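Below, chain A partners chain B and then partners chain C, in two separate complexes.
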Partner chain A sequence: MYDVVVIGQGLSGMLSAIWAKEHGYRTALVATGSGKIMQSTGVLDLIPGADGGLKEWSELYQLAAIEQSQLTGAMEQFKILTKRLGYPYKGDIEHLVPIVMGSGHIKETALYPETISPIKEHGQVVIVGFDEVIDFQPAYIKGNLQKARPQLSIATIEISLGKQSQRTMTQLDAARLLDKKENLDYCIKQIKQQMTVREISQPDLFIFPASLGVENWKYTLEQFTKELGAIVTEAPGMPPNTTAIRLHERLKKEAVKLGVRFYVDTTVVGCKMDRAGIESLTIKTSNHTTDISGKQFILATGGILGGGLEVTSDGVKETALELDADENGNIIHCPENLYPVGASRGFSVTHNGITGGVYSVLSSHEMVDKLHQQAIIGGIRSA
Partner chain B sequence: MGQIIETDVVVIGGGMTGAGVLRDLALRGIKAILVEQQDLGHGTSTRNHGLLHSGARYAVRDEEAAIESYRENLILKKTVPGSIEQTGGFFVKVPEDDDSYIQKWLSACAKVGIPVEEIPVTLALQQEPFLNKDAQVVYRVPDGAVDCFTMVVDVVADAVNHGAKALTYHEVVDVITEQNRVTGVRVRDGFTGEEKVILAELVVNASGPWGAKIAELAGIPLRMINNKGMLAIFNHRINKQVINRLRMPGDADIFVPAHNVTIFGTTGINVEDPNDFSLHRQELEGMLAEGKKLIPSINELRLIRAFSGSRPLYQESTVSDASGRNVTRGIALLDHLKRDGLDGLVTITGGKLTTFRYMAERTVDLVGEKLGIKAACTTDQERVPHRKAEEFFKDVDMAPAARHKLSHWAGTKAAEIELSLKEKAANFVVCECEQVTWAEIESVIPAEGRFHLGDIRRRTRLGMGPCQGTFCNHRAAALAVEKGKATSDEAERSLHHAVFERKKGMDVVATGETAKQMQLMDTIYRVSLGFREGDYQHV
Partner chain C sequence: MLELKLDELTFDKCLKCNACVSSCPVANTTLEFGGPKHLGPELKRLMNNQGIIDDKRIEFCTLCGSCDMSCPENVHVTTLTAFAKAIHSDKSGTKFRDFVLSNAEWVGKLASAFAPVTNFAMGMKPVRKVMEIVMDIPAERQFPKYRFHNFNRVYKKKTASTERKVAYFAGCYATFNAPEVAMSFIKVMEHNGIEVVKPDQKCCGVPMFANGQMKQGLKNANHNITSFLEYTRQGYDVVLTCTSCTLAFKKEYVSFLNTEEAKELASHVYDADEYLRLLKESGELNMNFAPMKVRAGYYAPCHMKAQGIGNPAMDILELIPGYEIQDVGAGCCGQCGTFGFKTEKYDVSMAIGRPMAEAVKEVDADYTVTECGMCKNQLDQLTDKTVKHPMQIVAESYERAKVLS
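Up next is the complex of A and B:
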């Protein structure tokens, strides 16, 4: 018997599990896939894929006063957590910053990891691509970036990842290679060489794909910064983005370390209900089906993209517990002890497929808080 | 005024009909230029079912169409082998279908000479496991599957090889007439906006559903019925051969295999505007309900997209019929001198994809007569080069699946593609679903530039698979800029256009996995890559 069972291991699910555990609850997390965080860019946007500050965001997401009041606290908690995990996020929800993406387009974001630096209006930049990373093409990026930042002076460099590389690699593959010092040194050498041979003047900023190491990102970033003598940023783009993978891996490690019980590659195929709500979940792994019971349940299975909601020819369905949903993806007759977070809260909180990192963090934070209140009132606190 | 070009014949329309006319003209040694407002196959010729009719579907109702179809079916299998898969086809009677139709159909097929063979139902079910277990009678006919993308491209390429010219993205904006004679056309280049005049002895209007518009430019009345049909594509190939319902032709009763997928359709609704490619969920629901009778599990299958096209049906009188199915699909070859007293203009319309060659033959016979040229038609014998290229790519370092594709696909471009695969870093796969390499993409980008992902898709199948271009469209556009094949503006415009087009076709079938895929496309382009809705002029 768990106090809290979280379904889904995207950003919302993972944060919910960690925070619930930190509140002292016996917590389990059940998940099939790896969560949409694997496809994300690893930065926390307000309105994904659109401009707009806090005001537009809270209007669009129809945020209740209680949620708004928790916003600052939630962001602080997230920063504290990521700092502890050795992958600190910076930024400020009141002042969005422009960052360059792997297409050369610029988007505004709220919170971002230390491997990312905002893009300025003026100055010199050099875009560095790896021959093997097919989804990061410097000349193409330059074209789009130049349009958005006409006053920047932009140069491009193409280098190779060296002997261990393959014909085509993703940003993540490249990052794993850059975890090794010899590959890193080889890259630095090539960049310096090209800078000299092609007489490229010393820039203020180097733009790389989201590939600056997975485990050893800090060392990679420091080495590049020191050796190249300028600020270095990753430009996330076509998934997989290492910016997001680092966060995911670290959150998972932390959850396990805290004692969250993980049921991986496990599908929730239904639930048993009693009058008070959900009693237990029926879960299925490759070869057997069992029940896990809990007092409170957090639904973090995502929206259509995450697979938590499915569009069928006769309406929207919630997939894990097979609850009915209305045409806006809101669960009808939500059991009392089930707490949807993130994109599981329906289409009004998703834009361009996802909720955006800020909302995910806020909703998980708020939900754990609410659950805590409930637990105290209900007297089921285990601690 | 811009450039003036002179030729003997101008062919308006780069559909299958225009392509056939151009090739026939070229083979008979007549100088000709084809002009197409967009890309080859922009119209109905790539918006159809891709069924190489055996004639069996028309045998009862339209004997002439059945005869033409069967004859052309045999000719095309021989002359355009690279674009045809000789799948064969089933006609299946399910309990809902009228018993008395079988006899009528059998004797009509016999009369036309279409070979029909009865297949035991158990055997048919073994071959086609998705077929309704309650099927009562099954016959086999020589239907086939046509790749209309390659066919239109290859036929035009062969015409060009024989001295003809083809100008894509050249829209006819005026038909030039002097007194009672058409002397040429004015065209506008869709990329540059530049206008040119093409002077000719004769103009052939092969503009399909746009036929009435061209006639209007020449100042003559022409009544066309544009009968729009919807088609839907499954994410994999559910049938080996074509599956038809054995009944009077109706909606949603044909499943045609096309490479790795199956195309299902269709419907028929008359529309005014030839540019009306709209898709409606209700129409699709109706199709699925009907299709269930042949393929009971149809609702569990995943659809990746839908599309629509209009049958250009010529109607001399003005009696209208909402279904469009009772208007003849017969071929209409109009000599506007005889019909309207206007010399120098001929219209060819109606018919089918299957009969394009014959339509072209008749048209060029008339053209020859008018120009006093006696050369005979040879398109019933002369082959369009095959797509097979098995002797190539053997020692190229590349993914086996991509090699397999190219050796069945590269055709006349094989040597060029092989060279580029060996010389440059062009051997990596850009589109994983369809195994398209950069070398192949490069080989279809025109020398003068004009980067257009849609054109590339039609020639390589880039982005046609289940992910509908989510990953490869961006990749191809970025690589094109990188390799100097496109400016970043061209790449951007083309990407917006491609994503928009793909989404249009996905939206109407967007349930389950396809709904998910569509959101992924939004997330990646809007959120991961930071694209914004721009006001890009779509070429």
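Up next is the complex of A and C:
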């Protein structure tokens, strides 16, 4: 029934679905939950949790076969897409930049949204926290940041969002409040007051939690930058990070508007095979078990963290289609019409359990391209 | 006290990842709501250790199911919040207004019996002002119209003799407010050589679950299960045109009751468009559609998305030659059944609905298509586009094709 069926709606799944649909394929996406973008930082690293440039990355991920043009093409496509969605990403994979995280630690990243700015070696910074958001503690962040950047002069400010809440507020709650001008103005006023009262000298950079607006992030960022007279950055930390939510919501809306069919709250519990490969997926919804047939399938269920792979006493299991996997999580005898992307490609592409956003972008792009080529060849053959 | 019969282990899988809170339309709009994570798995965990807790904040849950859809661990959050609602109304009592709203069926029976008067009165400002004061139903909130010639009066067929046979559950909205939707569905089935019967049925229970009237809701559920099983056991398929009723038949009856009968019935239940798609896949669908030159926008109700069936309405409408349809890509409408009729929820309801109205405006289609009567109510209030049920469009295309041939 579908040309392409994608399993999983993390970054790999969502990008694969969008790009497959853009090629004109009837595309479906099957997913259990909302996908792991929600739990991410929204910045795209090369090697998660470790430093290392392009060279180390290609060795670690065994990317020797990938051509430079493919890599550049994938990154370009991602940037074009996020720009169109009103949430542009900047940066490039050849020149990683250091950014500060919600813990105060520094990591190098490749692609990041405009709400994030790199951190310098010296100068004056001010970390701003909100009383209501307990996941972001300026004093604690300062301690860690100072260790990483001894030459920085760091001050901390804590302000109130001025709203009562019936639940523990997250960075996302703060971001939704800052979408509204009156809350934004109230925060700016408090920062200015504290700067004056405590005689904090004008900094080069303000560090905020990942909270600078959701829908109106652009205006929020501009206002803070203008009113505070310095560069402003978000430091993503404990999820939900607004940096990631913005990306997730926009990708999802785009996929839906393009006409990708979402089968959410479903679990893939196996597949039916024929001589050409996979014929259909068996999916379980609340109380039905049905089949979704397709010509080609993209496996974007993630690795161990995403739930696509499971380490058991009998070895590594691929959970969705129940295909045999080797000790490295690679599918043995991968069906011809199945295209694993991102962390579904086994442990060789995961580090600390995750793939790093850049690899997700690259492999989704590469697989959709490959699938497209296959479809063309297949079309010629069957003509 | 109400016992939760679901597999107790299900909520233990909650990792507190916050995906549900980030996806909750109410939590994203107001800080007054405790959120699905806290009032679902966390509250349940606490209650298991400490005894029953009545948490007032649960009133803000609309049971839209966005949390269930977002959960990467497959936790049935709405099952937990529905029971938290039941506990709340057991302990704190039910407002008269909520009791009335939860009884959509007898309101429908009464209102449609005096339909011209009801509709007239509901349109009068002084009447609405009194309703606001006495009932806490906001005067600005538009109401759907009631029909004297309701579906119960016009359709009574109880047996079918065609090869495929459909047992139709109309639901309160199509019965009392939009019999044209029910009649369109019957026409569509006729064009496919399928006879439709209307078994004995009561309100699906969704408005009751949403207002904490769990006992009454489950009573209705058991009534419907018994009534419809009689048909499925004779080879009938159960088809519905309201996505909320469909979700109740497919999911909530099973989750709340956890009985073999509920499970048996659920396996025979289809959304109307899903059923047509099934006919198409098995090569049985009448493909004689008259072309229609239309550019429509589709609004997906939460309870359609929650069924995990893709987008059958668009799949079917796209079969009509010349018919263009695009999903407007909107989230929850904010009406959420009875939620949007409550004064203290009205601002939240409107705030949730605004992005939907924006999305409809952005696509700027000829009209909006949606299956849900309550979503239509909000679309009617917040947008200037006509709203149609997919069955009305399919019926029209079939009818025109018949005239042409």
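Heads up, the rule we're going with is that the second predicted complex is superposed on the first by the 370 of 383 C-alpha atoms of A that agree within 3 Å, B and C clash if a C-alpha of one lies under 4 Å from a C-alpha of the other, contacts with A are read in each partner's own complex, and residues count from 1 in each chain.
Heads up, the rule we're going with is that a residue touches a chain if its C-beta (ideal position, glycine included) is under 8 Å from a C-beta of that chain, and two chains touch if they have at least 3 such contacts.
What you are looking at is a predicted structure, and each value in this text was computed from that prediction instead of being measured.
**Q** Could you tell me whether chain B and chain C fit or clash when both sit on chain A in the superposition?
**A** Fit - chain B and chain C, as placed by superposing on chain A, sit side by side.
**Q** For A:106 in the superposed arrangement: first (chain B), second (chain C), both or neither?
**A** First partner only, chain B.
**Q** Quick one: classify A:273 as touching chain B (first), chain C (second), both or neither.
**A** neither
**Q** Using the superposition on chain A described above, determine whether A:38 touches chain B (first), chain C (second), both, or neither.
**A** second
**Q** I'd like to know which partner A:28 touches here: chain B for first, chain C for second, both or neither.
**A** Second partner only, chain C.
**Q** Once the structures are superposed on A, label A:200 by its partner contacts, choosing first (chain B), second (chain C), both or neither.
**A** Neither: A:200 stays clear of chain B and chain C.
**Q** Measure off the angle at the C-alpha centre of chain A toward the C-alpha centres of chain B and chain C in the combined model, and quote it in steps of 10°.
**A** Superposed on A, the angle at chain A reads 90 degrees.
**Q** Identify the partner contact of A:172: answer first if only chain B is touched, second if only chain C is, both if each is, neither if none is.
**A** second
**Q** One more residue to check, A:307. First (chain B), second (chain C), both or neither?
**A** In the superposition, A:307 touches chain B and chain C alike.
**Q** Contacts for A:287 in the overlay, against chain B (first) and chain C (second): which applies, first, second, both or neither?
**A** Touch status of A:287: second partner only.
**Q** Looking at A:237 after the superposition, I want to know if it touches chain B, chain C, both of them or none. Which is it: first, second, both, neither?
**A** first
**Q** Please give the least Cα distance, whole angstrom, that chain B and chain C reach in the superposed model.
**A** 6
**Q** Looking at chain A, which of its residues have contacts with both chain B and chain C?
**A** 39, 167-168, 239, 307
**Q** Can you tell me which positions in chain A touch chain C when the two form their complex?
**A** Spelled out, the residues of chain A in touch with chain C are 1, 28, 32-36, 38-39, 163-170, 172-173, 176, 239-240, 245, 253-254, 256-257, 259, 261-267, 283, 285-288, 292, 307.
**Q** Quick check on the complex: what are the chain C residues that touch chain A?
**A** Its residues touching chain A are 17-19, 21-23, 27-28, 31-35, 38, 57, 65, 68-74, 250-251, 254-255, 263, 266-267, 281, 300, 305-311, 314-315, 326-329, 363.
**Q** Spell out the part of chain A that touches chain B in their complex, as residue ranges.
**A** Residue positions touching the partner: 39-41, 45, 48-50, 101-107, 131, 134-135, 137-144, 146-147, 167-168, 236-239, 241, 303-305, 307, 310-313, 352-354.
**Q** Provide the residue numbers of chain B that touch chain A in the complex, in ascending order.
**A** Where chain B meets chain A, its residues are 285, 288, 299, 425, 427-430, 471, 474-475, 477-479, 481-482, 487-489, 491-492, 510-512, 515-516, 519-520, 522-524, 526-532.
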